[in-house]
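Here come two complexes built around subunit A, the first alongside subunit B, the second alongside subunit C.
Right, the complex of A and B next:
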């Protein structure tokens, strides 16, 4: 007699817990120590890339992040093309910029609506936000979908796109395919404007930090894929000079690498840095929207990053519409790339900040060495500095309130280490 | 990264439930994806294929119910509804 399969009813939740811990010590009424510990083990992507064909880098690096795979692909292909002595223009360049707009939209909207806005309203998570601000969350979900659809149309699928290749794209989207997105992107642009206006009404904790901002700066446009690396303290270097000016280092209390400017210290990448170093590269209309939202030409309050993120979302919708209006299908959809035995460097602007990559490729086309520096590691030391300030200000708070403020402070810069609600195991010592 | 960790936890639960019910190969997995979980069925299936490779759930038929309700109490996460154990 045949034995039937058995169905076991389960109904249990999958959880992500224990991503990080924060240790705060007060002694005699003074803050003595703050340590942010990340437990996530190394993922060995750089080692995985070694001995793989140079053309595999965009597909492998896309797997590093489900929220910002395009950023990893863009830095990878630009670094490979730099190694090959190529610089692409025309429609391929435009398509890459358009693809990046899609990622900024979906990532920024996820960050603002689902992860950060509940903090400002004293709500535990996006589910509660959906219950108290249903229309707002539905607006956010639709905006995010518009960004994902843009990525899908150009990249082949919404998450971990597969259509990007060194030298261009496997297949270029037809003009009609992109034109079909225009009505939803126009709606998205209007929704992004409402988003700026809403985020500007949120109660903002007062905090001004003396960050050294670091971002790309391009001669004529708000930076995405190209530019020199500049800082608010006067740094102005070509991307290939990154290793001479920056370094990663380990700290005993965390598995996450930290980074610093050599002989100077921590710095900040991401929306606050991009905005403050490139305000003059935003279209005049968007500059005015930012001013109307209470922002100046620079912003040093990390909590206002949610407003800056909204301004960048507006820009991404605006830029996407501009690019689609003039898009002509590139033919061919890619340029042939011949590997050379040199090291190529590239940095692009991931939603959360500067993403630097370098590759040494042999004459055989195999990757001999890879170096990937995500914004998460570049901002670690600065996030800890922010936590010092927050803990200092919040000394009188109950531990639960201090925890909420600390999580909010981390989410100012990086949801990737705080996307699980109540991710922190907070230890406060008061002696 | 978040999705990979979530999937790893889910696989731990799948193999645990299978072991607790006599073990054997998992022929099917039924999950519910929250509207705010950042998963699409396609994306989830990819992670499932990666994570189940070499396990008792490799090759299992995956059924994903995608919720569109952001107010659902579990909207941020993934629920394992049931698993189907293959006949011995």
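Right, the complex of A and C next:
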């Protein structure tokens, strides 16, 4: 019998942020290799941060990713404050959470409506989706705009906001300016509810994965800026203990570092993990919306991440309204923070998952060492594991269909290749 | 009719994706835009790719690998009009900080196996490799400037993009001068307008994301910054951020050591 080989290869993955490639190879009917290659040219942020003033970290790290700059700014300021032994509360804490809600909305809506939903309907992009579902796409654009407006109002602009600083904000947004956003956010909350309902009607491929979920967990809230790092396998640690429990490693086919839990292996961060580990932290009404959409208290089907993102978007609108209702302008708008000869750690929940940063600041206030672990690096090994399952189960599919299914499964995790710092190129080979 | 629409391609080199995201951030104009121009190659937004040549190419990001230095030539060959978007493509971006250091050292700091990483010693702007027809400044670009430039292109007119300093925008916006009021270091006097003077409106100094204006007077500003108490290294850092590779900022940074 002839040896049959089959390769599926996508040199440039579309609808992901950044550049990557996928390669799947079957030999004699057996799946032999799966590789998600990140080829994005490295930009060496950790090296560039050395000898910069500690206060520059939020502006510089924002440039790692134009889709989630707030996440980088938040982890940076929290790490510097942790280094200085400070934890800020009150309105500054509220404003940070509010700014983060804006980023969750903008990023989740972009991903659901423009990058991921077209997959479920077999379309190449949101422009085609707009032909058949014009009102739906317009609704998504308006929701995204509401998230961006929230960031602009607090941060000065939607991409790389300028108002965040170590210790708080350069200038506190005025109460009236935030109040003025309420009607649109209320509309957004209703639209988010309709979004959950719509995403739940999409045809969902069946797949259950035994992920180890990792996310923050906070005693009273759905996690954004603070909490302990917990996992579905019982990990429960303070953020500063990250280096003792996690490690990064390099693989030849990728310019992004991968991460794993020491002695255990790959794990997943992001919406599925946050939701499954913090379902009880969602307000009761939102829990009910999730149940009505067919979600359980945990979700292990990566394709359903689009529904979970919708639930989180609903939460973000709801939380934004809650914060604005009681907001008082902090005065002063920032606290003095002066880390010297110390190391600080922080992790916050970027839309795509846990974003860890640590800094050592010298006696001169300059950064001596920086360490940044974005969510996509952490998820990369798990995305490859999903691809193994999807390719294995989809072996009978025609190449074009299998390729589409593989790409969709990558998008399930909204990988941000720019974040992973470092090109993504899909290849399916059948020998 | 759609045959007559101009075709648009969007290309990415070393960057954060923020400038191309600005296109998708034109929420109110996006559906009008896709009716006026044919998006032929924009992988971040669509998996449908139409072969070139393209009437207009928007290029984001800087050149940092030998492969990208080759790829930008191919992009140029397929593009009638090529416009760079943002500080990375126009000046080398934040990643141009490597131009002042030893890249091998950078590689070692970030990667355990530096030999797996293919990179050039410098991050360079697109215009250093191919002919660029128009440059949009900013880190990120400004949405209104992007829409103005696209509409100018479609209507075959020259885009209205100011080349004066951020100071003029502060005056227009009624921002009190942060340098005068509380001695805050600000790059506004030497930075090209376009953002709308956001930073001073938020009570902080401009950090130069639109890069140097036409004939900027950087030396007197640097002297003023020193009077405000910044040491040599701090002045150097002020000029070395997102447009560190732009000629005027690079020169001023070098005058301040290293």
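Everything that follows uses one rule, which is that the second predicted complex is superposed on the first by the 402 of 431 C-alpha atoms of A that agree within 3 Å, B and C clash if a C-alpha of one lies under 4 Å from a C-alpha of the other, contacts with A are read in each partner's own complex, and residues count from 1 in each chain.
We take it that a residue touches a chain if its C-beta (ideal position, glycine included) is under 8 Å from a C-beta of that chain, and two chains touch if they have at least 3 such contacts.
This is a predicted model, so every value here is computed, not measured.
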**Message:** Taking the superposition on A as described, I'd like to know which of subunit B and subunit C A:181 touches: first, second, both or neither.
**Reply:** neither
**Prompt:** Looking at the overlay, does A:230 come into contact with subunit B only (first), subunit C only (second), both, or neither?
**Reply:** neither
**Message:** Output check: A:5 vs subunit B and subunit C. Expected answer is one of first, second, both, neither. What do you get?
**Reply:** first
**Request:** Scan A:110 for contacts with subunit B and subunit C and give back first, second, both or neither.
**Result:** both
**Message:** In the overlaid three-chain picture, which partner chain does A:157 touch, first (subunit B) or second (subunit C), both, or neither?
**Reply:** both
**Message:** Looking at A:67 after the superposition, I want to know if it touches subunit B, subunit C, both of them or none. Which is it: first, second, both, neither?
**Reply:** both
**Touching both subunit B and subunit C, residues of subunit A** = 12-16, 19, 40, 43, 64-67, 110, 114, 125-127, 130, 137-138, 141, 157-160, 416, 421
**Message:** If we count contacts the way the header does, which residues on subunit C are in touch with subunit A in the complex?
**Reply:** 12-22, 24-25, 27-28, 30-31, 34, 39, 43-49, 64-65, 68, 93-95, 97-98, 101, 103, 105-107, 109-113, 116-117, 119, 123, 139-140, 195, 198-199, 201-204, 207, 209, 234, 237, 241-242
**Asked** For subunit A, which residues are in contact with subunit C within the complex?
**Response** 12-19, 40-48, 50, 52-53, 56, 59-60, 63-67, 69, 110, 114-115, 124-128, 130, 137-138, 141-142, 144-145, 148, 156-160, 162-163, 165, 170-171, 249-250, 252, 255, 257, 407, 416, 418, 421-422
**Fill in**
Listed in rising order, subunit A residues that touch subunit B in their complex are 2-16, 19, 40, 43, 64-67, 110, 114, 125-127, 130-131, 134, 137-138, 141, 157-160, 416, 419-421
**Complete:** Seen from subunit B, its contact residues with subunit A in the complex are 1-3, 5-7, 9-10, 13, 17-18, 21, 27-28, 35-36, 38, 40, 42-43, 46, 70-88
